[in-house]
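One chain, subunit A, appears in both complexes that follow, with subunit B as partner in the first and subunit C in the second.
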Partner chain A sequence: MSELLVVRDLSKEFTTGERGKTLKAVKNVNLTVHEGRTLGIVGESGCGKSTLGRLMIRLYEPSSGSVHFDGKDLSGLSKKDLRTERRHFQMVFQDPFASLDPRMSVEQLVEEPLVINKMMSKEERARAVAHACDRVGLPEDALSRYPHEFSGGQRQRISIARAIIMSPKLIVADEPVSALDVSIQSQVLNLFEDLKDDLRLTYVFISHDLAVIRHIADDVAVMYLGEVVEYGTNEEIFRSPQHPYTKALMSAVPEITTNTSTQRIVLEGDIPSPINPPTGCSFHTRCSFAMDVCKRLDPQLKLFPPSTSHEVACHLVNEVTL
Partner chain B sequence: MTVVRELLKKKLIIAAIIIIALIAFVALLADIVAPHDPNKQYFEGLTIEGAPLAPNSEFLMGTDLLGRDLLSRIIHGARTSLIIGLIANGVAVTLGAFVGLLAGFLRGKTGAILMRMTDLMMAFPALLLAITLAAIFEPSLIIVALVIAMVNWVQVARVVYTQTVSLTERDFIQASHSLGATNGRILRRHLLPHVVPTLLVYGTLGVATTVLLEATLSFLGIGVRPPTPSWGNIIFENQTYFVTAPWLVFFPAAAILLLAVSFNLLGDGLRDVLDPTQRGRKS
Partner chain C sequence: MNVLDIVDLTVGFTVESGVSTVVDRVSFSVGQGEVVGLVGESGSGKSVTAMSIVSLLPSPPSQLLGGTVALNGVQISGLSNKELQKVRGAQVGFIFQEPMTSLNPVYTIGFQLIEAIRIHEKIKKSQARERSIDMLKRVGVSEPEIRMKQYPHELSGGLRQRVMITMAVLCRPQLLIADEPTTALDVTIQAQILQVLQGLKSELNLSMLLITHDLGVVSEVCDRVVVMYAGRIIEEGKTTDVLQHPQHPYTAALLQSSPSLDERVKRLSTIPGRVKAPQDRGAGCNFVDRCVNASTKCFEFEPELVASYGSQVACWNPVS
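Moving on to the complex of A and B:
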């Protein structure tokens, strides 16, 4: 299993209106996306998961740290090389109403990646467009129509057709189903899964919805206030969450089969402002197990034995049984 | 071609196109169409007391203070007014769009410099600028048009800039970046089509004001030189006699109104036809 995308110490700060104050959207994130697997990134809104996704494909310039794609350092590439490299990683955006140019027909939209990269002749492009649209389940008469004539689910299919037409290696999907109805969500998720197998894709799947992540992800990273607080395989995260934040998230998911009465952990207060993050562990203000050390020291992601993949950033994990 | 076909579906727009074509035709063939020499002062064109004649069978729109045929003057004036309207507006909109798009897209230092330049132009009194420019260059029809364009492009640049800034934050522009689109392509294919409606509205609304601004310049002696007629300067020459000889103001004003309304209708129609979300809707 080769490493397709490697993120090292990635940070992104945005300047705010107030002088001297910065918003730390992403802090020292280390992640590896393995070829052929799906990395799910989950967290509350405002935790920096979308920023992380955009950093991964270099829509944003990182403040520090690096992103290596397929062995190449993306920040080391010239503007031109980066543009060419982009064909290998595509993005599907959250809001299909906003991410498609309303003044372009479906054909123009799906064809655009090929035109930009000056690939294929006109006839070949037309065939590729028809094939991609067919592959994502768009009706044949869709080509000459415009985005506003479609439902949200169909629009997201257009976005997906745009993403797969270049036969990329990696697709970063930023909340691709959260704007859709629940019934449509599962259809689109299934489409993502089918495409992954057929086209041998690798996904970074960003969502706030644990059910979606549980369904689609092989590996899961839980984010809180710009940091990854827990990382592991799907099973590790969902079977035995270790970080108090992950546990709280899990307990908030309504379950239908409740023969084991699970205690709901209700988090107090709001997510702190990333402009003024708490000292020490960023979660200590809302953690019911917080100790003195949590206020002083920022816990690092550490392997949680005996697993070789499960990592947790919490001072308590090895000391207290929660 | 679909654009043309869609345009022709609307009766009002056809009417507008016919009127504009008619005005253009008349302007082009003014020498043949006009019943009289526009600059000749007819002896029989004035009453015994020396007052202008009301519309009659010989002078269909009456005569002006010097006994010249008003209809012929309006026909010849169409040439001036149309050229001024088209060139001045065309240049103003093109320049404004270019500066606005570029500044809004690039932002940073380049954008700031471009917009401060625009602000500077905006703060400068328009008429003073026009007078200065007209004084530097030998007044001619083209120069007058360019002077008017120089005064008018700033508003367009401002509006386009604001629109571009908000557009560049939209997801579909980000999506194009993520596909590896060059800046040129994003400007041309994604930003320009979205500001075209604004440009059309500005360009067509500007026709009437431009024609009148030309008249103001003529009035101050820096526009079209008399006796060359333009719709604006016919009004200005005769406005003091509005009560005793209302036709002298009524007919040229009606001509300006007709031209302006036609352009506005055409602009509105074009805007609707170019917008896929509006296409096919009845209006």
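Moving on to the complex of A and C:
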């Protein structure tokens, strides 16, 4: 299992309207995306998951840290080299209404990435477009039609066709099914999985929906206020979550069960502002287990033995296991 | 007596080619102290149904084509707008999905809460203020005196939704209609808001109609559930009955296609195709082209809601 994307100490700060104040959207994130696997990034609004996704493919310039894709340091690349490299990683966005140019036909939309990269002859491109559209399950007559003629689910298929036509190695999908109804969501999730197997793709799948991440991800990173607070395989995160935030997040998901007696952890208060994050562990203001040390020291991600993949950033967990 | 009785509600919208029916002969009731979930996907007609209860949709383009709505046995459909104003807010409280667009950005929270009371009741400003602060406390707003002086943009999404809830229950309505009240919120905040709603239900003896697309939310808070598809009710019954033993193939398929935290399935089951547009709905069952149980009868005759194992189902070939 080779490492396709390696993120080291990645941080991103945005300047805010107020002078001298910065918003730390992503703080010292270390993650590895393995070839052929799906990394799920989950967290609530403002946790930095989308910023991280964009940093990964250098849609944003990082404030510090590095991203290596297939062994190459992306941050060192010139604009021209970056454009060549971008063929290998594509992005699918949440809102298929906003991410497709309404004045372009489906054929033009799906062909556009090839045209921009000056790839193939006209005939070859037409064949590739037809093939990509067929592959994502768009009807044959779709090519000459425009985005507004399609439903949300079909539009998301157009976005996916645009992404796969470049034969990428990696697709970063940012909330790609969040705007869709449940019955359509399952169709699109299945399409993502089929494409992954057929085209040997690797995914970074960003979502606020734990059930979606549970279904699609092989590895999971849980984010809170710009930091990864827990990381592990799907089973590790969902079967034995360790971080109090992960536990609370999971217990907050309303599930269809007969068992109504399960004790719910309801977190108090709101997510603090990333402009004025709490000292120490950023979760301590809402954590019912917070100790003195949590207010002072920011816990680091540490391996949770005996697992060799499960990592947790929590003083309580790290202390007990030491 | 039921708090809300809807009988054969039919609502249409004027379109270029005529009138398109989006809610078709919908009948259900909400009992005293009961929480009823109205579920369905986009275009099922659930929001139009809810909005039509107190005529909140602009007309034109919307049109009440038939049916009646009664509150505590008193018919309110057909009332003039002026008469309806007395019902809205006082007898029926409303919570919408997006609290930011429902609150006025240029007035303080306090101004808007006090105004909501004084529209319906002749009481002193100071009394209205007191009651507002008391109600803010009850829905779990910290430091209510400070919040009263703040503007909507100064509050987080969760707090704004709490303010909306406060406003909706200030005049002690008998019925609270909540249209996707937690959809725009993060899951940890959603849990807080659901807890608040459940608390209010027992404290104020509220009856509630909760419109949602989330079957998990229904499972958590609703006593009974009404499932809509393409403008019609296709199944109705006790929440546990409907969610554990769905009888309509659509309800069953919807439950199966939702990913779950507990179990990880290799492949999600899907419902092929999509909802028929209102103008394409004709004779027969509206779900027929997506249904695994479809037979010739389903194409020709529309099934009516009939009692079945304690629930009501509109299907010729229900799931056994």
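As a convention for this text, the second predicted complex is superposed on the first by the 311 of 322 C-alpha atoms of A that agree within 3 Å, B and C clash if a C-alpha of one lies under 4 Å from a C-alpha of the other, contacts with A are read in each partner's own complex, and residues count from 1 in each chain.
The working rule: contacts are C-beta pairs under 8 Å (C-beta built on N, C-alpha and C of every residue); 3 or more make two chains touch, one makes a residue touch a chain.
Every value quoted in this text rests on a predicted model; they were computed, and no experiment measured them.
Novice: Classify the contacts of A:183 with the two partner chains as first (subunit B alone), second (subunit C alone), both, or neither.
Specialist: A:183: touches subunit C, not subunit B.
Novice: When the two structures are overlaid on chain A, which partner does A:117 contact: first (subunit B), second (subunit C), both, or neither?
Specialist: In the superposition, A:117 contacts subunit B only.
Novice: Which of the two, subunit B or subunit C, is in touch with more residues of subunit A?
Specialist: C
Novice: State whether A:208 touches subunit B only (first), subunit C only (second), both chains, or neither.
Specialist: A:208 sits against subunit C, while subunit B stays out of touch.
Novice: Between subunit B (first) and subunit C (second), which, if any, makes contact with A:84: first, second, both or neither?
Specialist: So A:84 only meets subunit B here.
Novice: Answer with first, second, both or neither: which of subunit B and subunit C does A:297 touch in the superposed model?
Specialist: neither
Novice: Determine where on subunit A the residues touched by subunit B overlap those touched by subunit C, and list them.
Specialist: Of subunit A, no residue contacts subunit B in one complex and subunit C in the other.
Novice: Help me check something: in the complex, which residues belonging to subunit B touch subunit A?
Specialist: 170-172, 174-182, 185, 189-190, 193-194, 274-277
Novice: Subunit C touches which residues of subunit A in the complex?
Specialist: Touch list, subunit A to subunit C: 44-45, 151, 153, 181-187, 189-190, 193, 208, 210-212, 214-215, 234, 238, 248-258, 260, 264, 266-268, 270-271.
Novice: Contact residues on subunit C for subunit A in the complex?
Specialist: Subunit C residues touching subunit A: 41-42, 156, 158-159, 186-192, 194-195, 213-220, 240, 243-244, 253-255, 257-262, 264-265, 267-272, 274.
Novice: Which subunit A residues qualify as touching subunit B in the complex?
Specialist: 54, 57, 59, 82-87, 90-91, 93-95, 98-105, 112-113, 116-117, 146, 148, 159, 162
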